[in-house]
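Notes for the one structure printed next.
Note that the chains are named A, B, C and D in the order they appear, and that numbering of residues resets to 1 at the start of each chain.
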C-alpha cells in the first residue's frame, strides 16, 4: 500500500504524472457540507504552475472533475472521487530513466520496490504532480472545518539563507491569516520575500534548485483534540505531511529550538485571559501530550531542493551496472517551496478533519 | 484511541505511572524468534533511572513479566503481553495536580480530553514511565531484525549548546555501532560528552532541566523497503516516534539542513561500489520516495527539556479559575535525553519490523 | 466511512446509481500482474443486465475505464482507479423517494444516517449497481491469484423451494469449475435450473421477486492462510461479502447444518492421500481456527428477494408523518440471485488476495 | 495478526490455555464509565465451567485482574488491560498433539501457520478458554451501552433437533430480556430446554458432543447507526463473532429463510406507531443498507459440536506421515452452546460499542 491515509477519513491518492489522470477517493467525509467550488478552484490554482520565476511552464488545467459523493451542491456522505485529467505530457524526456535513475529521485527505489513495473514517466506516482489531488482533498476538508472556525494558513519561512519572520505562536490575527491565504507569494516580511526571489533567479541561472522551510498554523482548534501516544496531533500531521514529496523534516512549536533551552525558558505557563485558560507562551505549538491546548498549532517542514536540476549529474546505468552521467531535460521549478505552501496549508486540514471526526473528548456515548 | 500503533504489528502500550502495572500487548509478532532475555533486560536497564547525575532516584525494578506468546524460549506467533509492576510510588506529591496543571505537561489537555477521569498521579498514562514497555517491545523487535543483520543505534547529538559529532551518513561501522549500543553515555565525541555532563550539573543546581537532540541510525536495511506517500519510512517512523513524550521534531538525513542548500549540493549521486549500487552522499538519509535506498537510514529527534522542574512556576487553578503558582516536588531528571537514547534506539526497531513484515518488493504473491 | 475494505489491499467503492460514475480505487495491488481485459470484461458482462427472464432491461454499457496503476498491460504497484460512467438513468421514477421510503430498502436508514443529504436516485450509493466495481476489482484480484492456481467459483444453490446439488466439499473438479465459471445460468443440476426459471416467471407475473442461496468455493488455497480469532478466513470473507446488497446470511462448510450434528459425525478425520495430509470430509469448509486446511473453502450466502417489486406496498410519508402507499415504477429484476453469482465469485477473490498478501506462515522475516 | 479487532475500539485478546495468563487489552474505551464489578463478575461466571451436565469440570477461578485504565471505580480513557491467571492445567493430556492433530481442531493449521512454534497445550491461543477475556471486554462495553439503554441478550435457539421458540423480531420485552440475561439455561420455551438437557446426556454417554444455534438480539439501538457496504452492522458483527471458536455461520433477521420467500412476503412495511416510524415486520433484523432501523437487531449463529470428543478418532502422524488414531483425554463439554450464550451476548456489545463510538449520523463536525 502506501497512498492511503486516515482513520475517520480514508483517502487514497491515485494516478501517475503522465498517465490518464490523477485524483483522490475520500471515504468518510461528513454529509451536508456545501461545495464551494470557487474556494477549491482557488486552492488548486495556487498550486498550479504559473509564469512566475520559480515555477515550471507545464500547462496543467488541473480542473478537478467530481465523479461521486456530491449532490445538489452538498456532500452526500458517500465516497467522493475527483479526477484531474493529464494532458501536457512530454514523456520522451524521460526515456532513459528506466536505466539511469535520477539522483535523489525515487526512480531507483521504485525500480526495486516494484521490480521495474512502475511507471517512470515524469516520476509516475512519485511525481510532485500528485500533490494536486492532495490540495483538492484538503480544500474540501477546509470547507467542513470552517463550520467550526478552524483555519489553516502557511507561509515561506526560509529559502536558502533568507529567513521570513516567524508566526507569533500565541496569536495569529485573522487579518494576517486572510492576507497570507490570498497572497501569491506568502511571506510575513515582504523584504525577505524580495530576497527570496533573487535566490530563485540565481538558482535558475545556474540550472540549479534550492530548498526551504514552510511554516503552517492551524487556528481555532478547540482544546482536547487528539489522543495520547501514537494518535497525537504530531503523529497524525507528520504521518500525512511526509507523504508530500521533498518533505524531510517536521517540527512543532519551538521544535529543534528546544534542544538549546532550559526547562525554565521552555515551559509555557498557564494564564487566565478573557476568562479563558491559555498559555502565556506557546513553545509546545498548541500540543501537550498529543492533545490540543486551544493555542495555535504551529509546525514547520523542511523542503529539500527539487532534485530535478539542469546540470549534468553522476548516476549509474542499472542495466550495464556502470557509472554514467545524465542531464535532466524538461521543465522544472528552481524552487518548489512556493507551490508547496498551498499543498501543506491544505494537507494540514485533512489531518485536522480526521481528528475532528473522532468522537473524543466526551465521556458519554 | 491513541496508544495503539502499527499495521503488520499491532502494539498497544497500557498502564499509568502510579497504577498497578504498565505494559505492552503485541499482535502480529512473527513466530520462532528466540527470546534473548539478557538482551532485553540490558535494554530495559539502559532506560531505567540510575544514580548518574542526569537521572531520577526513583527505584524501578522494571522487570518485564511476559504473560503470553512465548513458549520454550521462542515466540509462538500469538499475541505477546508483557507487564511491569509499579512499586515505588509517591502519589502524594501529585495531589494538587487535578486542580493546578503543570506547565508544558499533559495535565491540562488530559483533563479536558477525558473530562477529569484521567489518572493524574505521576502523569498517569502520559508519564515518561510508559517508555519502558516501548523499550521492551523494541528490544523484542530487534531480536527479529537481527536475523536480517538490521541494527538500530543512537547517540546524544546535542545538549543545550554542546554538539556531538554527527554520524557519517554513508557509513557507520559495526564497531561504532557496538560501542554506542553498550555505552552508558553514548556519544561519538567523548569531549562533547564531558561538556554535556557539566550542563546537567548546572541544570540540577538551578532546579532546572535541559533539552537536546538524539540521532538514530538504522543499518542493514535492504533497498526497496517502504511505500510511497503515506506509508513511507519517514511517515512510519515519525508516526511512532512522536508517541515518545517530549519529542517535538524529527528530521531525516540532512533534514532542516536542506533548507540552506542548492540541489547541486543536496543531490546524492549514484555510484558503483563493490559491484553494488550505492549513493556517494546520503543527504536523503537512506530514503527516496519513502522507500529505502540501502544506505543507512538516519534521523534526528528534538527532545524538549523535561517540564518537571523544581523552580516555582506560574499556572492556573482550574477550579477557582484564577492564576496561581506551583512548585513540583518529587524526583525528576534534569535531562531526559540520555535515557531517551535507548527508547528511540529500540522504538525505531518497532517501525522497521512493521515494514519488514509487509509483503512488498515482490511482484508475485 | 463504510465503503472501504481491506488491510493489505485497501479498496474503496464509490459512486451512485444515477450519478456521473461508479468505480473503485484499489491501493496495495501487487506490481507486475498482467491485465487480461478479456477476462475482466467477461466478468463484467456476467453481472450486466441481460434480456433473460430474471433480469432488468436497463442498458448499462458497464465499460470500466482504468485511470491509473496500469502501464504496458501490467499493474505498476501504484493505486488502480477504474470508473464506469452512468448513462441510462430515469431518475424521474424515484422522485417521491425522499419522502416515502421503499420497504426493505436503505432509503429510510440513509435519510437518518446522512440527514437527507444522501443521493436517493436509484438507491444512490446503496444501489445494486455498485456491485459492478466490486466485480471489476475481484476480476483483477483473480488475475493475481491465478498465478498461484487459486480459483473462485459459484453457483445458484437455491431459489425459493428449488435446491441445486451442493458442491462436493472435498473435491471440486477443474472441469466443473470451468463449466460453472462460463455458464450463463450456473447450476450443478440442470433440472433444478429449469425449475428455477419457472419460479422467476411466476415472480415476474405477480410483480414480485424471490430470494435464494449462492454457494461459492475457493480452490487451490495453500494450507496455513489466515489468522486466529478476528482475522480468520470466515471473518475476512464475511466482512467483505456482507457489503454486497441483499446478503443476509453466510455459512462456511456445513454451516448451520452443524447444529443438527454430533461431533462424531461432524469432525473431519485427517488422512494421507497422495502423500499429502488431507481431510476425509470437509464439514469445516477448508478452515480450522480461521486458517486454511488446504481443502476447498466453501461458503453459502443467503440473498433476500430484491425489495423492489411492482406491487403496491405500505410505507410512510416521512414529511407528513402519516402512513401511505407506494408502488415502485421502473425496471427491476424479479430475482437478483443469478446476477449476484459473478458478484460473489469475484468478491471472494478480493478477500483471498488480501490474505495472500499477508506475510504469514513464515517464521523468518 | 489476528487477535486484534476494531476501529474505534482496538481490542487484542492474548494468552494461551495453559500459559501464564489470558487477557485483553482495550484501547479507545470512553472515559467516565462506572465499573460495575458485580455485573462483570456475573458475566464471567455465566461462561465459567460449572457442575451442570453440559460442562467440563475444569476449575477456573476466572478472576479478571484489571491492571490499567481504571481509577476510582471509573474508566480513565487510557487503555484497559485485564488478565486472568491460568491455574488448573493438565498439559500432560496434550503431549502427542504436536504430532497428531485433533480432527476439526486448529492443531494442524496452527502447526503450518506458525511452523510448529505455536503453543499446542490445551489448544493454546485457539482454545475456547480465550472467550473469557471476550466476555470481560463485552461486559465492560455493556456498562457503557447501558447509558443509552442498549441491551444485548441471547438464548439457545437449537440443540441437535430441538428448537427453542424464536425471538419476536419486532418486539422483545424488557422482562424477557431480564429473565434470559439471568437464566442459568436461557431458553424461551422451558419444555424445549428440558429436551435439550436430554440430548446433552445422550452425547455425554456416547463420549460425543453436539452442536446448536444461538439467537442474539440487540435492543435500544437508535436508527442511523452503521455505514453502507463494508462497515454495515452485519459486517461489523460477523467480523467479530467469527472470532469465537466453533462459530461457522451467521444470519441476520430472517437470514437463510429469505431464500424461500417472495419479496411481497419478505418486505417490511413501514408504519407509524406511537408517532414513531417503525417496521411492521422485521425480516431484515433491524438493518437496512448496513444501517440500523431502530428495530431490534437480531442474528443467529451456528455453533459446531465441540471437536473434543472422547471417542477414538482417525488422524495422521505429521512426523511419520502415516495415518493413525487418537483418543482425546481430558475434560470436555459435551456441548459448548450453553456456555457460548454469554460469550455471544457479551461479544455483540463490543461490536455495538465500536459503532456507537463512530461519529456518524451527524452532518456537522
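Here, contacts are C-beta pairs under 8 Å (C-beta built on N, C-alpha and C of every residue); 3 or more make two chains touch, one makes a residue touch a chain.
Values in this document were obtained by computation on a predicted structure and should not be read as measured data.
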Name, by label, each chain that touches both members of the pair subunit A and subunit D.
B, C
From the centre of subunit A, which chain's CA centre is farthest?
D
Provide the C-alpha centroid distance between subunit A and subunit C, rounded to the nearest whole angstrom.
39
Can you give the whole-Å distance between the Cα centres of subunit A and subunit B?
26
Distance from the mean Cα position of subunit C to that of subunit B, given in whole angstrom
45
Out of subunit C, which residues touch more than one other chain, so two or more?
1-4, 8, 13, 31-32, 77-78, 113-115, 117, 125, 228, 362-363
Could you list, by residue number, the parts of subunit B that touch subunit D in their complex?
1-4, 8-10, 12-16, 19-23, 25, 27-28, 31-32, 65-69, 71, 74-81, 83, 113-115, 117-119, 124-125
Which positions of subunit D touch subunit A when the two form their complex?
7-8, 30-33, 77-78, 144-145, 147-148, 228, 353, 356-359, 362-365
State the interface residues of subunit C toward subunit D in the complex, per the touch definition above.
1-5, 13, 101, 103-106, 108-110, 112-115, 117, 125-126, 130, 158-161, 203, 206, 208-213, 223-224, 226-232, 234-236, 238-240, 242-243, 245, 247-264, 266-272, 275, 277, 279-280, 283-285, 287-293, 302-309, 311, 313-316, 318, 321-323, 360-363
